[in-house]
Amino acid sequence: MKPLTRRQMAWRAAQDIQDGAYVNLGIGLPTMVSDFIPGDREIVFHSENGILGMGPAPKPGEEDKDLINAGKGLTTIVPGGAFFHHNDAFLMIRGGHLDLALLGAFEVSETGDLANWTTEDPNFAPGVGGAMDLAVGAREVRVLVEHTTKEGKPRIRKRCGYPLTAPRCVKRIYTNLAVLDVTRDGVVVREMVEGLDLTGLQKVTEAKLTLANDWKKIEAPAV
Amino acid sequence: MINKVVKTLAEAVAGVRDGATVLCSGFGAVGEPVELLNALRETGVRDLVCVANNAGTGDEGLAGLIAAGRVRKIICSFPRTTDPHCFEAAYKAGKIELELVPQGTLSERMRAGAAGVGGFFIKTSAGTKLGLGKETREIDGELYVLETPIRGDIALCRADRADRWGNLTYRKSARNFNPVMAMAAALTAVQVREVVELGKIDPEGVVTPGIFVDRVVVT
Amino acid sequence: MKPLTRRQMAWRAAQDIQDGAYVNLGIGLPTMVSDFIPGDREIVFHSENGILGMGPAPKPGEEDKDLINAGKGLTTIVPGGAFFHHNDAFLMIRGGHLDLALLGAFEVSETGDLANWTTEDPNFAPGVGGAMDLAVGAREVRVLVEHTTKEGKPRIRKRCGYPLTAPRCVKRIYTNLAVLDVTRDGVVVREMVEGLDLTGLQKVTEAKLTLANDWKKIEAPAV
Amino acid sequence: MINKVVKTLAEAVAGVRDGATVLCSGFGAVGEPVELLNALRETGVRDLVCVANNAGTGDEGLAGLIAAGRVRKIICSFPRTTDPHCFEAAYKAGKIELELVPQGTLSERMRAGAAGVGGFFIKTSAGTKLGLGKETREIDGELYVLETPIRGDIALCRADRADRWGNLTYRKSARNFNPVMAMAAALTAVQVREVVELGKIDPEGVVTPGIFVDRVVVT
């Protein structure tokens, strides 16, 4: 059994993004998804700090310190892009104008509750940023996350242990082992990596899993 | 590839159902999407609830839709603007229902619909006839009323320039209700003077970003 | 006793507008006020349909059909002006950003209630426009109105007979006979036209009037 | 004549009292009015409530104000941005109170303060720890929380160009919180790259109209 690399996880999530979608990518791993959009699709990336049509990182010599993304890294804008203020940026998010938010997570529950803003570590002040806005506002919320913690604890749980970002918002989860949908009937496995079966996947998952009749192997290229 | 530009007015207004809520932009005739409204009339759709600042001028556009008996109800701030004879005839004949909403409240209710705001408190209309029946609340010693969001099934707008992603710019006071209505509907159709190449609109100068726009037609 | 002409009323109201003020002028008589601003003052006129820095009516040949005022007459914009959308225009109004709204009225009560949107004439559909927004939102609301109706009925009343635009909002009233302030102690006469005394003014006023100690004659030029 | 341009940073921040609520713009260091914040620190004012997206970067601007012990409380969405050591030291020492507000809620609460909205219902934070204690309401089957407006005694902003009426334009993503904060305070001071002649800013391209601006200083 060979788990996906982080780049392969990003590649897999990218394949499901439809041509013409307006998409917000969360900070961290989800940001990497923009590198793997199939070339025939035109996707408009949104950033909380007032950008639509966000492009790739700037080439050396083309950096502009006034042009950053939500993670505060330097970025670019593509033809057709627009700048606007923070309030309009969040009107877009909260008002249901984004087709998709693809976010990181600490945990997801079997009903789609999302916990991705705080682990309540007493050593650090908490921060929430735009996490809650995206979770309640995007038309569809998908999560991109390692199937377990480094210590092997499941991240897909019956109930989240960490404080919620929003209840019942996640529809699909991409992990290094599987693609899972949160449905009314619980968590359904759509795809698994080669060599893994439901029993094996269930062992590292706290939520009860069901295998889709038409489940298939994830065929990820060596990206 | 994203291309929101459609070839005909008929395509731009296709799919509107009887009983739909239609956001009709413009302040008087300025910024009014007259040709889109005419095209909507030609679809034969009826029982519409129209949201607009006024209630039509002359015989075209919103006025024509009213004259043709397609508008069951109008939600507006000031029905009698320049030459409102189509509305007046329908109103006197009891053929159109009028919901009168203060102009800023009308705009703010649509913004709430666009922004995921489920309701908001403002002072406008508190203690007046137009505030009757509204939930009230005293905030810092002043009386506020609760207002609810308005969302359209379709917004009909008019802009100056667009690109194929639907980014829009306007001309002078013809901007008026267009940006807020474009944001507040499930489907937004815009008639424009010209479509320019992607990238020709300065990203600093986009007034309505394409995310709010579904269909663009040149008139 | 010589009442002010409508142009003189507008002149008188204009004299009180401070340099640098942001002002909305109601439709009708108040619109005329902009013609009488003293030349050394720079006033920024606001229009509900998305203009700051509204100028005079256009000269022949300079009309632009996309540039109208709240009364739907053609207008112009001055250097320093700005266009914005309706929602921002009313954010300015309702949010207390205008220094002054100078409005017409049917009636004003002795507590400053304003009635200026409907006479409930059954022959016409009512219209409210931006009247209520201006009345509740501007930092100061002043009214410019003939002292009585054409039939001689007082417009400054104990209580308004017509439906209110907003309660307790009017601070000052300019009529063709007097300048009056609505205070906690009732309506105070600040100025009267030559040849009129308090008794004469009270006769055409339903609200109880008090004469200010420092009241003076209105000295209006023949504008 | 209207001339909002002042000569010095000290004039731009003059008159702020102890205990004031200060809206501090910027997203990280981008669009942050660093020099105005430094000037505010030099006035010696204290017990401030600062509203910002983050809680300062490096040692200047908002970070410097915190390091100097002038900030009693910070209302922000994400205190730990790039190099937040001034905030972290104050926070660990228990010298600064933190009110954590989701980013869009923070922005919307200031817009409400600017727009005469006394309160509004949104879904963000409903059913979470940050929603605890908030009034809730079910609207169309979904849970909303009531949020209240935020207004500043002063807003400190940063723009690209201004004219003497205070009209502003911004540069790229440095626009961020500046327009909403400029609207939401009793007094708004803005540092700009350049002041241009009145009329040089296209009226279609003004992002913050001068009505929201009180003082402009070139840095």
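Of note:
A, B, C and D are the chain letters, set down in written order, and residue numbers restart from 1 in every chain.
Going forward, contacts are C-beta pairs under 8 Å (C-beta built on N, C-alpha and C of every residue); 3 or more make two chains touch, one makes a residue touch a chain.
Just so we're clear, the structure is a prediction, and the values are computed from it rather than from any experiment.
When the C-beta pairs in contact are tallied for A-D and for A-B, the bigger tally goes to A-D. Between chain A and chain C the centroid-to-centroid distance comes to 56 Å (mean Cα coordinates, whole Å). We define each chain's centre as the mean of its Cα atoms; on that basis chain A and chain D are separated by 30 Å. Per-chain Cα centroids separate chain A from chain B by 35 Å. The distance from the centre of chain B to the centre of chain D, with each centre set as the mean of the Cα atoms, comes to 32 Å. Residue positions 108, 111, 115-117, 122-124, 170-172, 203-204 of chain B are each in touch with at least two other chains. Among the residues of chain A, those touching two or more other chains are numbered 77, 83-84, 90, 94, 136-137. Which chains touch which is summed up as A-B, A-D, B-C, B-D, C-D. Chain A contributes residues 47-51, 64-68, 72, 77, 83-87, 89-90, 93-94, 124-133, 136-137, 163-167 to its touches with chain D in the complex.
Those residues of chain B that touch chain C in the shared complex are 27-28, 30-31, 53, 55, 77-82, 87-88, 91, 98, 100-105, 107-108, 110-111, 122-130, 170-180, 207. Residues 108, 112, 115-124, 137, 139-140, 142, 144, 169-172, 203-205 of chain B are the ones that touch chain D when the two sit in their complex.
Contact residues of chain B toward chain A in the complex are 1-2, 111, 113-117, 163-165, 167, 183, 198-199, 201, 203-204, 206, 209-212. Only residues 19-20, 22, 40, 42, 44, 46, 52-53, 77, 79-84, 88, 90-92, 94-98, 136-137 of chain C touch chain D when the two sit together in their complex.
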